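Quick heads-up: structures coming right below.
The two complexes that follow have subunit A in common; it is paired with subunit B in the first and with subunit C in the second.
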Partner chain A sequence: MLKEYWRFRGSLVPGLLASSFLLTLAFLLFLTLYSATSSGESIFQTLDARIITLLKFTLFQATLSTVLSVLFGTFLAWSLAHQSRFFARSFLIALFSSSLVLPTIIVVFGLITILGKNGWLNHLSNYLFGYSFEGFLYGLSGILIAHVYLNASFAARALLHSFESIPKERYKLAKSLNFSTFKRFKIIEFPAIKSTLLGISSTIFLLCFTSFAIVLILGGNPSYNTLEVAIYEAVKLDFDISMALELAFIQLSISIILVLVSSTLKTGVSNIKTQSLFIPWREPFYVGILQKVAIFLFGLFFILPLIAIISDGLNSDFIKIFSSSVFIKSFSTSIYIASISSVITVLFTILLASSKRNFALNYRLRKSFAGKFIAILISFSGMLYLAIPSLVLGLGFFLLSQRFTAPLVFWATFALLSANILMSLPFSLSVLYPSMLKTAKRYDKLCFSLGISGYKRWIYCEWPYLKESIGYILALSFCLSLGDLGVISLFGSQDFSTLPWYLYGLMGSYKNSDAAGVALVLLVLVLSIFILVPKLFSKGSVVKDR
Partner chain B sequence: MKILLAVILFLGSLTAKETLTIYTYDSFAASWGPAPLIKKAFEKKYNCNLKFVATDSAIGSLRKVQIEGKNTKADIVLGLDTNTAELARKTGLFAKQHTDTSRLSLPIKWNDENFVPFDYSYFAFVYDSNKTKNPPTSFDELANMPKNFKIIIEDPRSSTPGLGLLLWVKYIYKDKAGAYWKKLAPHILTITKGWSEAYNLFLKGEADMVLSYTTSPAYHIIEEKKYQYKTANFKAGHYAGIEIAGMLKSSKHKALAQKFLNFMLSDEFANIIPTTNWSYPVIKTKKGLPKAFSTLYVPKKMILIDGKTVEKNRKAYINEWLKAISK
Partner chain C sequence: MLKIDKIIYKYKDESIYNFSMQAKKGEIVGIVGASGNGKSTLLDLISGFLAPTSGHITFDGFEITNLPPEKRPATILFQNYNLFEHLSVEKNILLGINSSSKKDDLKKIYQILDEVGLKGFEKKIVSTLSGGQQQRVSLARSLLRDKPILLLDEPFTGLDFDTRVYMLKLVKKITKTKQICTIMVTHELDDCKQIADKIYEVKNKKLTQLWV
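Let's turn to the complex of A and B:
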């Protein structure tokens, strides 16, 4: 038995080390939080009306956001699948896939420019009808709009792939049976997208449940707080650590339950390009119109805020922005934190995935003793972030910084790196793992019989097939890190700041033209890295079948 | 190479002047606030460097010191008020002050062992008289204004004006304060972290009134020659905001910090305050107040709840408020 494990030690040991490192980190964090609640009192003794209100609102907005995002996402994916000749279709799809890495603060900024009280829409309505509406963006509606913006496009991107993977023969059969559009969806399409639908619903729910930046800015006031924002306020406004801990434990218990429930589901992230194969079905006239209108409207809704950022940003005084020392500091901090965390993320992903695949293959260790258990452990260590929201993580590091004297910058850097790595892992694993499983299936027999192992196997067999995915997860984690406004909110100051945090400060003090410039810098940075880095890696890639 | 660098740094530190670091709220540290003038005067007088670090609110600067713990660079926290003095004292971070306060001319007697006052004013709602013809003259009238009459207030957890308003309402409505907030809630456009954010939003025309000070109109009269900004004067009286500063136990420049606290009670400092922080100085100076100040409303009755009572009940008051305005 052990002999088999010994055979795969090369991939097992580093992966298990990485996995146990992550789990230890989580455990230490939990311990820090737990020991801070000392004095033997029950944590939940003050489970007062305020906390119940918070919890209710957090769950309510997350549920509503998920339902709306999935509804819009499904409708959009369905429309895109059937309108394979829609103008600018591939451009739109590429744009929707970038929604995962768009910094939330930028989205919020763009939405305010369009839909705010002084936004484009209100000016247009005033000009056309002489009517201007009250501000509706601050509060529940704003939170929902921002969540739908980010998550419906993300859902659509994932679901489109499911739609397009439906065997064309089924469509032909259904057509010969004269199915109506509704019946076609019910009998053929829905069963095919069901599992993806479940997976992304749970991911979206988790993302909305722990949503921070959007609620922080668009929540506007204490009436619309989520648990995450309440944790932030407990630390930053009240310096009430025991309250923050209480909230953190509630948050932690709920999200761990959610992650455990959904750990078997997929996150819905992949870098698989869609084939846009022609679905052999001519849509009825009105259905076709409906689909086109849906794509057009959602596309407009998605693109306008980005255009607003570009047009406002171009008007700002870049010489003034670039010569600000706080900007330069924030910029360089953002870049070096993103660089370090994305490289470590890639490394951890490779280690975890290469260790995990041992337990998925029969001729490797799948049937081994405890194989299943180890596989789950590895998956869980990769999913940790979804269980530990960034503010809870930040709170843990914050308590450490209070206990062990070191410059705050040291703890802040460490907290930011950990948070960013944990944040990217679930997504990068779900991209890289399937590819690594494929190369194992394809080359294991050859490699084992020829005795190719270690770095040689890596150079000849793995790298050529994986480099495109690796480039993608490198860019993905770099951008996620670049745009994050979570942990930094606890540690940010004049001396230690990142681009999103700097932008948040500018928005808070209504320096709108500077804010627009910084938002544009961030947007250009994120989009260009997300598009260019994977291109660099895909040069000469042998993967042709996608 | 490294040694050379170290030597240069060491020599540099020998010749460098002592630096005093003050954490304060943003509008105090702003380029148009008191900070630049005070910096110039103080640096000249004591041959040192004075550095202001801005946070979005006064309580925010106290929290920043708490978050940074023993490593904080702050020597002085400036901008809290009498309502938050006890909260600050409870942290145990503040040192005793030895300032001669005999020159003080305040509406109340001063005997605080940690803090020194540097300006004061009364909280009040500011409105644009070109847009609002009939401003409310009491809290009741405010809550009964037409539905689309919107106000901006500050968060009592982070901002001293915000807390001031909370206490003002509490003083007037006692145990019916919660019910009053519920009634007022539909008129609240938004709740900001600090005063500047609120005032900026008001000037942009987002709301009809903003919680500020009775002395705020002086800014528009003196700086902009605009006379339409006025305060809504409440017959039942206005709550006072007396702003204070204190030095930290962890400060490595205590002597210089004490000199700054003394400096706050000088003519030089007191003459800067009215036209930069737009409030009353705490001592009478030879130069006196600018003429525009004589046009300002001075409340018939000053309200101020004792600091210890405030701190004892602050959490409960805030929870009552949170509950009332939560939807």
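Let's turn to the complex of A and C:
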């Protein structure tokens, strides 16, 4: 068996080293958090009413957000699948794809502009009906709206591919058997989307459970706080590190359980292109109308905040914004941190995926018993972020910065880079790993028999087939890093700031015009990178069967 | 001579394959049988993609059972994915041979492409070729690798009748002139009857000689 392992050392060892590095980092942070707890009490002995309330609300909002997002997302994907000729369908799908990388803070900014107390909707209502409603956006409703905005579109995008993968013959058979629309969904469509639905639900639940920026800004008051926001407040506002630690441990325990439960499910993130396939089923008139209205309304709900950001942003004084030293600092910090972390993410993803695939392939180490354990360990190291949410991670680095004297910039950079890499890894792995597995399944035998290995294999066999996915994960991790408001909220200051943190500061000090300008810069930056980088990489790609 | 001596292979579902056979130089051995009976498993064992649980594989008296695929005296042609579609014919063939000098290699490539009826196709990108032409490129590469055992894993399935007949004749000619052992796995008994010197059937995961 060792001989077999030795044969694949080239792909096995680097991946195992990368995995060990990530696990060691997580373990060190855990030790830091653990050693900082002064009392030897178990956290479960100190659970007070406030913590239980926090925990209940965190779970409640995550569950409700997931249910609503999945319901809306499924309905939208179903509608899009059956309305292949809907006006601007491709444009809408492309926009929904970007929901994963849209910085939450600009989504919140856009939603406030539309649905806030002084928002467009209120103005319209006032103009049309003379009725002005109070701010319904702050509190649970706001949290749910923002979560549905981001996650329903993400779910729709992933589910649409499942709908389009259903063989057309099944539809023809169902039609010939005179199935109703409901029966068709129950017997043909639901079984086909079920597994994707499960994976997406678990991803959305984890994202909502650890949601930070949305709850921080739209939560409104302490009764709508989640664990993440409570950790932030304990560190930054109350200076109560022991409370922060207590919350961090609870957050950590629940996240680990959730990750372990959902580790076998897919995240639902992919760079698979939908093909706008025509489904051979003419919808009854009223069903067709319902589907068109659903696409139109959700499209409007999704586009309006983006239009609001663009229209408000264009009215900003960009000369003033661009000449501000804090903006320049924030912009350059964001770019260099996102660049470094995206490159490292891609590297780690390749190493972890090429190591892990050894244990899934027939002509490699699939039969190895120890391999199963190693594969789980590699998967876990790639999913660490979901188990250790950014605020908990940030708290660990924050404590390290208190213990070991070094310039704040050092700790902040290190914390941001680590958080960004860990945050992007679960998504980038779920994109690249299936592609790497597919390439190896196709060409392993050929490469082994011809003795093509090492760099030669990479140049001729892997890169041409993987470069499109690599471009996608590079863009994805860059955008995720660019828009994060998690760890920076613990380290952000006048001296060290990123664009989202700068925007948060502007929003907090009611400098709305400047905030609109910065939000527009962030939006343009994220969308350009997310659209252009994968295009750059897809030039000359040989992947035809996606 | 290729000798497969009481090779036992246990699959993960606990099914046990049991193979014994011989193939002489210049001989074509056809292997037929229903799907799932282990035809391809036999070729995987000979080419080194799978390691047997017990038994021996020898060639000209040398034990090759534990050699990795690239070091075995065998070259294999699959039904699919024999070539990198984005590369040229020339590059695909070059990847399969141990280069001495590029000039010599190119000369050999032109010769072998002529032999398989693809003269002038050197610079063409593989994805622009037809299925039959692609299989001829794969065959050309296999031949240029100069290995004494040629394994064919249903390589002509899916080709039109004329191309298949042409390929079968080509394989027969090459086997005889180069004096190599050719083992062809197929589910088309007629293909085997056309060119094979002997035919084995894989039944119940065992080999039975059908016809000499």
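Keep this in mind: the second predicted complex is superposed on the first by the 538 of 546 C-alpha atoms of A that agree within 3 Å, B and C clash if a C-alpha of one lies under 4 Å from a C-alpha of the other, contacts with A are read in each partner's own complex, and residues count from 1 in each chain.
The rule is simple: a residue touches a chain if its C-beta (ideal position, glycine included) is under 8 Å from a C-beta of that chain, and two chains touch if they have at least 3 such contacts.
As the structure is a computational prediction, the values presented were derived from the model and not from experiment.
Touch criterion met: A:Ser449 reaches subunit C, while subunit B stays clear of it.
After overlaying the two complexes on the shared chain, residue contacts for A:Cys461 are found with subunit C alone; subunit B is out of touch.
After overlaying the two complexes on the shared chain, residue contacts for A:Pro14 are found with neither subunit B nor subunit C. In the superposition on chain A, the chain among subunit B and subunit C reaching more residues of subunit A is B.
Across the complex, subunit B is touched by residues 48-50, 53, 117-118, 134-135, 138, 220-224, 233, 235-239, 398, 401-402, 405, 407-408, 490, 493-494, 508-510 of subunit A. Those residues of subunit A whose C-beta lies close enough to touch subunit C in the complex are 4, 7, 363, 367, 442-443, 445-446, 448-452, 456, 460-461, 464, 540, 542. Note for the complex: subunit C touches subunit A at residues 12, 44, 47-51, 68-71, 74-76, 78, 80-82, 84-87, 91, 95-96, 127, 145. Residues of subunit B touching subunit A in their complex: 26, 53-54, 56, 59-60, 63-64, 66-71, 148, 155, 157-158, 188-191, 193, 196-197, 200-201, 204, 206, 319, 322-323, 325-327.
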